[in-house]
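After the C-alpha cells below, expect a handful of questions from me.
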Amino acid sequence: MLRHIQLNSSGKLNHLLSTEGLPKPLILSILKRSNDFLTFDNQILIKRSKSLSGKSVFNIFFENSTRTSTTFEIAAKRLSADVINFNVDTSSTSKGESLLDTVDNFVAMQADMFVVRHYSSGASVLIAQHINKVAPHIHVMNAGDGSHAHPTQALLDMFTIQHFKGDFSNLRVAIIGDVVHSRVARSNIHALSTLGCPDIRVIGPSTLLPSNLSDLGVHGFNDMDHGLSEVDVVIVLRLQNERMTSTTLPSEHEYFQCYGLTEKRLLNAKSDVIVLHPGPMNRGVEIDSKVCDGPHSVILTQVTFGIAVRMAVMDILSNG
Amino acid sequence: MLRHIQLNSSGKLNHLLSTEGLPKPLILSILKRSNDFLTFDNQILIKRSKSLSGKSVFNIFFENSTRTSTTFEIAAKRLSADVINFNVDTSSTSKGESLLDTVDNFVAMQADMFVVRHYSSGASVLIAQHINKVAPHIHVMNAGDGSHAHPTQALLDMFTIQHFKGDFSNLRVAIIGDVVHSRVARSNIHALSTLGCPDIRVIGPSTLLPSNLSDLGVHGFNDMDHGLSEVDVVIVLRLQNERMTSTTLPSEHEYFQCYGLTEKRLLNAKSDVIVLHPGPMNRGVEIDSKVCDGPHSVILTQVTFGIAVRMAVMDILSNG
Amino acid sequence: MLRHIQLNSSGKLNHLLSTEGLPKPLILSILKRSNDFLTFDNQILIKRSKSLSGKSVFNIFFENSTRTSTTFEIAAKRLSADVINFNVDTSSTSKGESLLDTVDNFVAMQADMFVVRHYSSGASVLIAQHINKVAPHIHVMNAGDGSHAHPTQALLDMFTIQHFKGDFSNLRVAIIGDVVHSRVARSNIHALSTLGCPDIRVIGPSTLLPSNLSDLGVHGFNDMDHGLSEVDVVIVLRLQNERMTSTTLPSEHEYFQCYGLTEKRLLNAKSDVIVLHPGPMNRGVEIDSKVCDGPHSVILTQVTFGIAVRMAVMDILSNG
C-alpha cells in the first residue's frame, strides 16, 4: 500500500512517506540526484539551484524539532523555494481543529509541497491519502511520524554508506539501540533490504528489539561484541531521554555499560568500519566521545549529506 | 474618527484598522484589486507580483495566532516583500517595555508596513495614531484587536460573498454565534451595511448578542430556524473555547443542539445559500461536519481569497 | 587573547567577540563602513546591498531575545544573505546535546556566519576557538554572552557618539546602573578606552559597580549629581527585572529615587549632552519618560544605527 501511495501511475515519486515500498531504482536515482547537489573538492560543498523557484514549501511540524525543520528549510531555500515554517503545537490544533482541516487550510493557501513531522505513526500517510483526493498536485514529505518512518534520514544514511562503501551487496550493517520504537531504524532496515544488503543486524536488550525480526530479514543480538563482529557499518540510535524514565530501561550508566559504543567494542568490527548517528547525540550514553570524534565517525558528514539528499527528494518530487 | 485615521487627506487608504468608516468606493476598490491577484481557471490560483519588492513588512503579533500570521506572511512574500515575524508575547513586553516603545523600535528598524494583532481592543488605532505622528510613511494593518475589529477577515468575507452572489443590494445575511465578543462579526456588519446589504441578521442566545442591534441596523434572532429563513449567506462564528468555561454558555453539546449549523437547519435558507466560517472550526460545536464538507460550504475558498485580499490591501497601502 | 582570536594573521577581523582587544584603527574602520550603509537626508535611511548574496547567516540564540535576533536578521537580509533563525532553548540542548555538538551540526549545514547569543559568559569565545579548528572559513559574531560582552551594542553606541560628538578625545562619558553585571557596560568601557575617551565614569550603588575600577581606567560615583557633572554623553543601562528580586537592590521606586535619570539631574551635564539606552527601557525605573522622549535622547537613533553597524561588521567579516 505504501508503494501505491508514494508513486504515481507512471511509477514516479509523488510523495515520500517511507522507504518501505520504494523500488530499488527509485532509491538509487535519489542517491544519484543527491550527488548532483554536492561538490567534492577539498571539502564537501552543497550547491545552490533554482529548481524550486516560485514554489512554496510548507514545513508543518506537529512535533517540535527545530533542527530537523532547519535542515528542510535550508534544503528548500538552496533550491530557491519560498519556505513557510508552521509549528502546529502552538497553533490551531490547540484550538480544537482537526488534522485534516489544518491540512486543508494549507492547501487553500496554495502550497506546492508539505514537509510534515507528526507525533503519531501514520499521520503522513493519512495526509497524503487526503491530499491525493483534494489537491493531487501537492507533494508530501514525511519528516518523521511517531515510530513509523523517517525516510529522508534513511536515505541520507544510504547515501553516506554508498559514498564510503560503494556497494551494498557485500555489506554487514549493525543498528544499535531502541530499535523497536525507532522510525530511523525501521526506515533504514527497509532501505538496506531493498538495496540488497545481505546482513542487517540489530543490537539491544530484548525489550528494545522488534519481535518480528525474521519477517524483517534481520538478525537480533543482545551482545554487543557478538553483534559488532566484522561489521562494515554501525548505525547508533539516539536513546530517547523520555524513555529512560520508563521501566523498560536501566539507568543511563547501565545502558552505557551494556550498549554504549566504545573504541574497544568497535575493535570487533572491520578496521574500516564507519559509524553513523542520526543526532542529537547523548555522549556517554549510547556512544562514547572518543568514537564520536574518532576516525570511524561520519556523523557530521551525514548532516551535510542530509541537506543534499533533501534537496534531491524535493527536486525529484517537483520536477521528476 | 476611524475614517479620519484610516484615510489620508486625499481620501486614499493609509491604514487598515476597521471596516467601520471605510467609504463604499474604497471597499469596492479593494475587492476589485483582489481580483487582480487571482486567476480563475479550472482552479483558483494566486498570482505573484513585485509590487512590494524592497519593502519590509513586520508581522507584530501580541496575541499568538500562527495561522493568521502565516496568511499575512504568504501575502507579503507573494508581493516580493521582506517579512519579519515578531511574536511579542515571548519578547520585550515581558521585559516591561511599553507598547509604543516597542512600536518606536520597529519604526527605527525602518519597517514600511506593520501587521498588528493585539489582545486589546483599540490597540491598532492607538498604534496608527502614534505612527501618524512619528513615522507617517508607515502603514498599519490591523490583523485583529481584542473584540474590536478584524478588517481583512471582513473584506475577504465580502470578496467571497461578491464572488458567489455578485451584488449586495438584495442579500439576506445571517451571522451565527457569539456576536457580542466577535471582532469578525463587528467588522462584517460594518462592511455589509456600507455595501448596501438590506437584511443583516445575528443569531444566538441573548447573552451573546449585542444590546444595540437597532443602532447597528441589524435584526436579532434567538431561534435558528426563524433566523435562517430565506437567507443567501450564513457566516458561522467560531465558538471560543475559553468562553465555554464561563457561565454565559451551556455545554458544547447544548450549544450544538441550539445553535449548531446542521444540514437540516440549513434547509430554512435559500437553496443556493453559501456558508462561511473564519476558522479554525470546531466541528460538532458550532457547525456540523456535513455542512463543513457539503455543497454550500465556501470555507476553504475563503482561505485562498484571504491571501489575495491581503495582497490587495498591502498593494493599495503601498502603491495607492 | 581576545585580540588573537578575533583577528586573523594579517590583522583583519575574523570574528567579533568583544570590543576588548580590538585595535583602534579596526574600530574606526567599522564605524566608517557603517556610514556607507546609511543615507543622511531629511531622515536617516538604511541602504540595501548585495554584499552577502549567496551566504547563509545562522542566528543561534541560546538565550531568548527576539528583538536582538530581529536586528541581526534585518541586517543580514539587507545584505541579501539567507537567514536561518535557530532558538536553541526549545531544541537540541534540551535533548542533552553539548554546545559544541550543536555548533558542529551548523558547521555541517554549511553556514557562512554565526550570530550567537548565550546565557554563559565566554560561550562565544569557546565557539570561535572551536570554529578556528574545525571550520576556519566561518565567522562568529557575539550577540551577547552572559555578563561578558556585547560588542555590536558597544560599536553602535560608539557610532552614535561619533555621529553626534565627532571626536572621542575630549569627551566625558557616564554609564549609569548595574555596571558590574552588564555586558553592555563592559564592552562600552573597552571601546571608549581604545578610542581615547579621557574621562569614563560609572555611576551606581557600590554593590553594582566593579571592584577593579582603576584597572579599567574608570572613575566610580555613587552620587548621580556628582557623576553627571559636565558630561557629554550618558549611557543609561537597563535595570534587569530579574535582579530586582535579589537583595543587592532596593525597590524599583527607591532605585528611581537614587539612580533614575530625570530632567533635573540631567541639568548637571553639559547643555548638549546626549542620552543613550540599549533598550528595552523601564520607564520610571532607570530613566524618566521626559528624558526618553526629550531633546537629549538619541535612543531610537541608536536602533537605526544598530542595523547599519551590524551590516558593516558582517560586510567586513565576509569581504574584508
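In this document, chain identifiers A, B and C correspond to the written order of the chains, with residue numbering beginning at 1 in each.
One rule holds in what follows: a contact is a pair of C-beta atoms (placed from the backbone, for glycine too) under 8 Å apart; a residue touches a chain by one contact, two chains touch by 3 or more.
Please read these numbers as outputs of a predicted model, since none were measured by experiment.
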{"item": "Where chain A and chain B overlap in contact partners, by chain label", "value": "C"}
{"item": "Residue-number overlap at the chain A/chain C interface, same or different (half cut)", "value": "different"}
{"item": "Rounded Å distance between chain A and chain C, as computed from the means of their C-alpha atoms", "value": "41"}
{"item": "Two or more partner chains touched - positions in chain C", "value": "none"}
{"item": "Of chain B, residues touching chain A in the complex", "value": "45-46, 48, 64-67, 70-71, 73-74, 77, 241, 279-283, 285, 292, 300-304, 307"}
{"item": "Footprint of chain B on chain A - complex, ascending", "value": "54, 56, 82, 84, 86-88, 90-92, 95-98, 101-102, 104-105, 107-110"}
